[in-house]
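Each of the next two complexes has chain A plus one more chain, namely chain B in the first and chain C in the second.
After this line comes the complex of A and B, so read on.
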C-alpha cells in the first residue's frame, strides 16, 4: 500500500524530525542558534540517542572562540570519533592550532581531547603538539600532556617509544610541580600495565626517585599523594635507614582527612615495616596505626566504611594486637546499613579477649534481639565464636543462648543456637558440666529444629553423648521412621549415630532392632549411593571384623575444632596485605584470581576503517533488528483491520518479491559510501540475511520490515549525502 | 583508576555517562540494572555490597538521593580512592547545584561534563576542590563571555600550585576569622541508663575573611598536641596517659595544614582557603573515658495489647546549671498502627508523626540540672496480625548546647600573620556541643 511512498520518502531523506532540525541548527548562520543546536545534540547523546549522523555538521563548529562551545564539540568528537574515523582528520588542524593558543586552558583541552580520539590516523598528527605541550611552561598543560603520553601508548606503543615520549615522561617524574609528578607516575603505571613488549623497560623506581617523591608528598593534592604512596608500596628496600625515612615521611599522612590517603599510607607503612630490625620500634609504629584504622570506620560514607572494615579484617589477621583496645568503636549503630552491621560483627569477634568478653557478649545479645534475620543469625554465630575462642566465657555464652531461646524463641534462634551448641561441644569434648547444661535444652526443642545443619548437629550429639539423652530409644525411633524423607546428609548422620550407639552400649540388644532397620532402609530403599555405600561398609564391618577394630574405626573421636572464625591461608594473607585498599582487599581474593589478564593488555584500536565500518554496520543491523521487533509489536495492533484479508497471502509470497526490491534499493546508495571500500557488498549481505531470517520467523511483519529498512536507510542515506556535502563544507572551513 | 563514570537513577538506568579510557564497551552499563536487581534480591542475606564483579568488570557504586554513581574498572584498582572520588564528585556537584538529583543532572548536563573533564582525566582524579573549580568552571557562561573575551579564562594558578586551595589577591576591607569548635556527641545508652559507647566527634571550622596569603597558627589546650606523644624515641615504652589534659586521638587535618610540621613540632600552622572550611576534626572515644549522658532520657512504655499504649518519659539535662540546651528533641518510636494520641507534657510540645511512627517531644530551651516529664497515650487497633515483629527502634535525642565543649578543648590563640600586608585582624571563637547522628537510647 504505502510501501512505494515510503521508499520514495526514504530516498529523499527526512525533511522533518529532530535530526533534521538539529542539522539545520548546526549550519545556521547565527552563532547563538548553532551553539544551542550543539547543546541539544549533546543532550540527545546523553540520553542515549544516536546522533552520530550529525558528525560532519558538528565538526564544522569546532573553530570557535567560545570555550564552552569548543568543549561541547570536543566532547562530541570523543564520543563519535569511531563512527567517522576519516572525518576526524579534518579536526586535526584545529587541535594543532589550539595547542599553540595563548590560553593554557585551551592548550590543555586540545591535547587532552586529542588523546581521547581513539582513531589510528590521529596518532600521526599527535607528535608535534604532544612534544610541545610536554615542555609547556604552564604546569596545568604539562600535567595534562603527561597523561596524554599514556593515551598515545595505548593507540600506538611503537611510535610512543620511537619518538621518545616515554623518555620524556620519565623526565617529568622529576618535574618541579607535584601535580605533574603525580600524573607522570600515573601515566607510567598505565603504560606499564599495557606494555606487552618484554624488552621494554617502562619504569623502575630507584632511590633517587623515592627521595624526590617523599619531598613532593606534602605538597601534592590528595590524589597525588595516593599515587606517591602507591609507588612507595611498590618500592623494595633493604636499607634500614631508608625504610625508616619512608615511614617517617608517610606517618603524618595518617592524619589526612581523605580516608583513601589514610589507607594508602597504612599500606605503605606496613609494606616497609618488616625492613626495620628492632621489634620495639616496629611495635611503636604499629601502635600509631590503630587510631587511623579506627577513623576509617567513622567516615561519613558507608561504602568507604565497608571498604575500611574489610581492610581492617586483613590487617587484624596479620597484626592481631593492633586494635585490641578499640572494641567499642565497632559497636553497631542502629542506622548502619545491614552490610556494615554484619561486617562489624566479623571484626568484633576477632577482637574478643578475656578482658572485653563480658561487654562483647552483652552487646551480641542485643543484636540477637534485633529483627533483621541475617543479623540475628550472625550474632548467635558470633556468640558461639566467642565461646570457642575464649574458654573462660564458654559457660556464660551458653547461658546467654539458653536465655535467648527462652525469652525470644523462634525457629531461627533455636536452629542457629543448636548449631552453635554442637560446635561448642566439639571444641570442649567430654566436659561433663557443659554437656549437662546444653543437652537438656536441645532435647526440649527437637520439634522446632527444621534445618539440616541443626538436625545433623543434634543427631551427632545423640551418637556422641547418648547417656545424656532421656528416652534415647524413642528419639532414634522417630528419626528412623522418617529416615527416607530426610536429606542424604542427615541419613548419613543417622546411620553413623545408630551404629555408634549400638556399638557403644554394652548390651547392644536394646538397639539392635533399630540398627537392623536402619541398615535395611539405607541399603534397600535409599536411593543415594553414598548412603548405601556407607551402610554396606558398616554392615560388613560389623559382621566380620573383631570388636576392637570395629570400635577403633567407628568410635574414633573427631578432633576438637579450634575456632569458627574464618582465617586466610598464609599465602593469601601475604598477597592481601600487599594489595590493601584495592578491590582484592574487599573481595578477600588476591588479584590474579578475579582480574582478567587481558584487562592489562592494550586494546585493539581500529587500525583500518574496515573494521570500524563493519562495527558500524553491525550496530545498525542491531538497531534495525530492534526496530523491527518493536514495530511488529506496534503495527500488528494497528494494522489489525487493514490486513485482515490480505495479510496471510501477501506474507508468504510478498516477502520474497519485496526482498528483491529492497535488494535493488540497497545497491543504489552503496557506491556512494566511499569510505567503506569493498565493504558495502558484504554489509548489504549482512542486512539481507537479516531480512531473510526475519520474514520467516514473523511473516506478518511485512510492513514492519519496510519500516525497519527505511530506518536503516535513513542512516546510510545521510551518510552518503553527508560525504558529498561534508567534504565540500569542510573544505570550505579549512 | 576508573574507566567509566555513570550517573544512574534508582533503577539503574543511565542518566549521564563519561568514558575515560575506552577499555570497556560502552553498553556494559546496561547490565547494571539487572545486576542491581540480583543484588537487591540477595540483600536479605546481607550480601549487599557497594561493588559487583561481573564478567571481569567491576562496578563500584555509591548511593545518593535516589541516584547511583557508578565507576567501572577492569583492573585491581584502589577501591577506597574510587569511592572517595565518587563521594567527592557528589560533594562538588551538590555545591554547584544546591542539590544533586535526577532533575539537576538533566538540567545541568553541560556543566557536569565539563566538571567530569576537569576532575578526572584518563581515569586519574585531578582537581576535586570546589572552590578552585568554581574559579574556572562557572555556570554563568554568558556573563563571563561578555565581560571578558574567553581568552582570559585561565586555569587558576592554584590548580597546580603547592597551595592549591587559595588564589592570590584576595582583599577584604575588614580582616576577620571566625572559629567554631563544634563537638558532636554520639552515645549509646541502654534501657537502664548505662552508657555503652560514647564518642565525641569534634570539628574546628573556620570562616576566613582574610586578605592576601595569611599564615595562621592555632593554639589549643590539648595535651595530645602539646606534650609530645610522638613515641618514636620512647620505643615500646607504655606512656602513662596523663589524666589532666585532653588527649585527642585520630586528628584529621584539612589539606592546608602542614602535616609534617604538626608531626614534628606539634604546631598547627596553615594558609587557610578563603571562606568556610573544616580545619581539623578529632575524635575522643570512650576507650579514654565514659561520659555520663548529657541529656538523660528515661522512658517507660506500657503496652496494653489491643487497646492502647502508655508512654511515660522523663528528661534530665545533666549539664552545668549555667548552661542551657537548645532545641532538644526526644524522638520516641511507637508502633506503626498506633492512633488517637493524647499528650500531657510538663513542658514543651509533643507531636505525633505517623509516617515515621514516632512522637517527637520538643523542648525549646532546657536549663541545666532541670528535669521534665511527659505522658503520652495512644490507641492501638483491636485487631492485630500475629506478626509480633520486635521493633527495637531506639529513642533518639537531638540537642545543642552553646558556649560549651564536652571535651573541654579551648582555643588558646589564633595568630594571623600576612607577611606582605601586615594588617590588623580579628579572630572570633564560638563553642558548641550538639548531638551527633547517633545519640540513642535503647528501649527494652
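After this line comes the complex of A and C, so read on.
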C-alpha cells in the first residue's frame, strides 16, 4: 500500500452512523463479526427500521454452513426481496445448492424461501430446484415444495402448468405421507381459488383419491384433518357403499379435541348422509352427532362456544330433532358473556317441544328477572316464541308474562310483553279466552307504553278486538289528540284502526266524529305522504264503494302467523350447511355474499391502483348512476339482485363506500316488508290486505333484520320472486 | 454487539487470528471460475452449471484463512460484481485462453473493474486457463491481449493454468500469498 493512500485513508477517518457500522460488520473479515452484524440487522428489521439499503451486503452472507446465520439471511431476504428485485438473482446459486444439501431442513428452508421471494425474475430459476424437491425423499421437504407450487402459480401460472408442477402436485395428493397429502390439497385449493383460466381444470377428486384421503385421515395433524374433511365435503358420490365408508371413517373424528375438526366432520357426514337410502340408518347416524354438538358448547372458551352455537343453529334448522333431548346443555350460566346468553336463547327456543316446555318456561322466567336489558327483552321474546310454537303452552306463557308485569313491571318488560301478546293473539286469532286474558292487562298499562312497536300492537288490537276494551271512545280520543306527535307508523295504525272501528260498529255515529277528525288531520296537517295517501284512499273508499266491498277490503282478517322464530330461506340453508365451520356459519351468510372473488384471485394489483385514483371513482359513480337509472326503468323495481352482483364485481374493492350507498338503495325496500311481521298493523300489510292479496304468509318475513337483508340481497330465486310479487302488488295500487 | 467486543475477539483481532482474507475470482462466463474454486478447495473437478449468483468457500492455505468468492460471469450478473469489491485483498481473473473472440471483452471488463476505488489496493492474478485445450493462447499472448503491461501501481502476475488438470493453480496462489503477506504485514 502506498504511503500516500494510507495517509489519505487515515485523514478521512472512519465513517459514522449505524448503517455504516452494520455495513462494515457485514463485510468484516471475521466470521463472528459478520454473524453479529446480521443479527443486529434482523433486530433492526423486526422493530421496523428500514435496513433495505444493506441488501447486497447481507446477501453476501447467504452462503454459509452456519444454519442459524442462513436462517437469518433467508428471513432478511424474504422481507426485502421486493426492494431489490434485480439483486435477488445473486442468491439463486445458493438456493439451488441448498436444495441439494444433505440436511432436509436446509433443503426445505431453501425451497420455501425461494418461493417466498416474490420477484418475477426468480421464477426462471425455480424449475430445477422445485422439481427436485417435489421428488425429495423427505416428506417435510416434499410438503414444503408442494406449498411452493402454489406460490409459483401465483407468480406465473403458465409456467407452473407448462413445467408440469401442477400435475406433480396432483400426484402428491396420492403420497404415502399424510402431511404431504394434506398440504398438497391445501396448495391445490389455493391454486383453484387463484385460477382465472376457465379452461384449466385444477383439481377433481375421484374415488381413488378419496380412498387415500380416508386412510390418511387418522394420522394427520388437526389442520390436515380439517383439509381432508373439507375435501370429503366437496366430493359427490351416489354410491351408497362409498358414502357409508366415508361416514364410517369420519365418525371417529367427532371425538377430536379441536372443535373445528369436530365441525368439519359433522359437515362431511351431513353432506354424505343423504346418499344413504335407509331412513333408520340415517337416524342412527344423526343420533351420533348430538354428543359432539353438545361438546362444542361445553368448551371453556366463550368465543369457541359462540361459534359452536352459531353452527348448531344452522344444523338445528336442517335437523330439528337432533338435539331435542339436550335442552339443559344450553341453559345460560351466570358467567356467560352476553352474546353467548343471547345465542343460547336462540337455540333453546328452537329446541322447545311439548315435553320440555314447562322446564324451558321456568328457565326463561329466571332470565326475564335478570338485570341486563337485552337479555330480559330476549327472554320475553323467547317466552312469546314458545307460546306461539306450542299451542299447549300458550296460556301458561301468558300467565307467566302477566306475573312478570305484576311482580317486576318496568317499561322494558311491559313494552316487550305487549309486543309478545300482540303476536300471540295474531297466532290464535279470535280466541275468546286468550283475548279476555290478555287485553285487560294491556288496557291497564297504556300509560307505560312508550315504544312504537308496543304502541302499534296495542292500536292494532283496538281495531281488531274493539269490544274487549272499555272506554274505547276515550282511548281513541287520546290517541287522536296526540296524533300529530306520533311517528308515521303509529299514525298509519291509528288511521286504520279508526276506519276499521267505524266500519265494524253498526251504529257508526259514536265514532264518526273521530273518523272525520283523523281523516282531516292526516290529509291536512300531516306532513308524511304515506299517511296522507292512505287517508285519501280510505276516504275515497268510504265515500264511493258499497258497504260490502268496504268491509271486504278493510275488515279482511290477516292470516295467522305461524312462528316468530327466524328461519333461513331453504337455498341459504343449503349453502350454510355446506359451509359449516367457516366464517359464513358465524355470519349466517353464504360466503359469496361477503367474499369478493376478485380480491382473492391473482394479480389484483392493477385494479387496486386504478380504483384508488379519483378519476376512476368518478367513473364508477357515473357507472353506478347509470345502473340505477337502468334499473329504475325496469318494471321490476326489486329485481336488482343480478345487476347488483355484476356491479359489485366491476366496482372492485376500492369503491366500498359507494357500494354501501348502492346497497342501501337496493335493500331499503326489503326491511320495509320485513317489519310488517313485527308490526301487525303497519302500512304494507294494510295496503296489501286492502286488495285482498297477501302474497306470502307474513311469518316468513319475520326475521331479524340482518338475516332478512342478507336473504333478500343474495338473490335466491324464491325470495326475489316473493319480492317481485309484493312489489307488483304495490305497483298495481298506484 | 457484545460478541464482537469480547476479549477473545479483541485478542484475535490483534494477532490476526481467524482473520479471513477476501479473494474474488472473476472473469467472463465459461472461463472456469467455479472449477478453479473447487479445484483449490476440494482438490477435485466438479461438474458445474452456470453460476447464477456466487459461490463462496473458505480455504486454509499456508496459515492464512482465505475467503474465496467465485462470482457468476454472465453478462447480466457482471454489473453486480461491484457489490463484492470492498475489503478485497486480491482478484483472480480467469480467462478462457481458447476464446479468442471474446478476449477483448475480457480485457475491457478487467480494466473497468480495476478502475474501481475499492480495488486500488488489491493484487491481481490472471489465470490463462484451459491450457489443456488445443489452440489455447499462451500466457504471454493473453497478457498482451489483456494489455496487462499498462497496469501501473499494482502487483500483478499471469500464470498459465488448467483447472481440469490442476496445473498452474498452486503456483499462482503461492505468488498471491507472498504478495498478500507483504501487504498485510
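By our rule, the second predicted complex is superposed on the first by the 532 of 734 C-alpha atoms of A that agree within 3 Å, B and C clash if a C-alpha of one lies under 4 Å from a C-alpha of the other, contacts with A are read in each partner's own complex, and residues count from 1 in each chain.
The working rule: a residue touches a chain if its C-beta (ideal position, glycine included) is under 8 Å from a C-beta of that chain, and two chains touch if they have at least 3 such contacts.
No experiment lies behind these values; they were computed from the predicted model shown.
Undergrad: In the superposed arrangement, which partner chain does A:265 touch: chain B (first), chain C (second), both, or neither?
TA: It touches nothing on chain B or chain C.
Undergrad: Once the structures are superposed on A, label A:125 by its partner contacts, choosing first (chain B), second (chain C), both or neither.
TA: second
Undergrad: Answer with first, second, both or neither: which of chain B and chain C does A:231 touch in the superposed model?
TA: Touch status of A:231: no partner.
Undergrad: Can you tell me whether chain B or chain C touches more residues on chain A?
TA: Partner with more touched residues of chain A: B.
Undergrad: Figure out whether A:25 sits in contact with chain B (first) or chain C (second), or with both, or with neither.
TA: In the superposition, A:25 contacts chain C only.
Undergrad: Is A:595 contacted by the first partner chain B, the second partner chain C, both or neither?
TA: first
Undergrad: Applying the document's definition of touch, where does A:287 land relative to chain B and chain C: first, second, both, or neither?
TA: The first partner, chain B, only.
Undergrad: Please work out whether A:156 is in contact with chain B alone, chain C alone, both, or neither, and reply first, second, both or neither.
TA: So A:156 meets neither chain B nor chain C here.
Undergrad: Which partner does A:491 reach: the first (chain B), the second (chain C), both, or neither?
TA: It touches nothing on chain B or chain C.
Undergrad: Just to be sure I read the superposition right, which of the two partners does A:91 touch: chain B = first, chain C = second, or both, or neither?
TA: Only chain C is touched by A:91; chain B is not.
Undergrad: Which residues form the common part of the chain A surface touched by chain B and by chain C?
TA: none
Undergrad: Note which residues of chain A are touching chain C in the complex, please.
TA: Those residues of chain A that touch chain C are 1-2, 5, 25, 27-33, 35-36, 40, 56-57, 59-60, 63, 87, 89-94, 96-97, 125.
Undergrad: Please give the residue numbers of chain B that touch chain A in the complex, ascending.
TA: So the residues of chain B in touch with chain A come to 14-17, 19, 21-23, 43-51, 53, 56, 58, 60, 62, 73-81, 83-85, 87, 109-110, 113-114, 117, 121-122, 124-129, 136, 141, 145, 149-155, 159-160, 162, 164, 186, 188, 190, 196-197, 199, 201, 231-232, 234-236, 249-255, 258-260, 262-263, 278, 281, 283, 285-287, 389-394, 437-438, 440, 442.
Undergrad: Looking at the complex, which residues from chain C come into contact with chain A?
TA: Contacts found on chain C: 1, 3-4, 9, 12-13, 18-22, 49, 51-56, 67, 72, 76-77, 80, 83-84, 86-87, 120-121, 153, 183.
Undergrad: Spell out the part of chain A that touches chain B in their complex, as residue ranges.
TA: Listed in rising order, the residues of chain A that touch chain B are 39, 42-43, 46, 48, 65-68, 71-72, 75, 78-79, 101-105, 108, 112, 115-116, 118, 138-140, 143-144, 147, 150-151, 154, 177-180, 183, 186-187, 190, 193, 218-219, 221-223, 226-227, 230, 248-249, 251-253, 255-260, 263-264, 278-281, 283-284, 287, 291-292, 294-295, 298, 301-304, 306-308, 311, 325-326, 328-329, 331, 333-335, 337-339, 341-342, 363, 366, 369-375, 378, 408, 579, 581-587, 591, 594-596, 599-600, 603.
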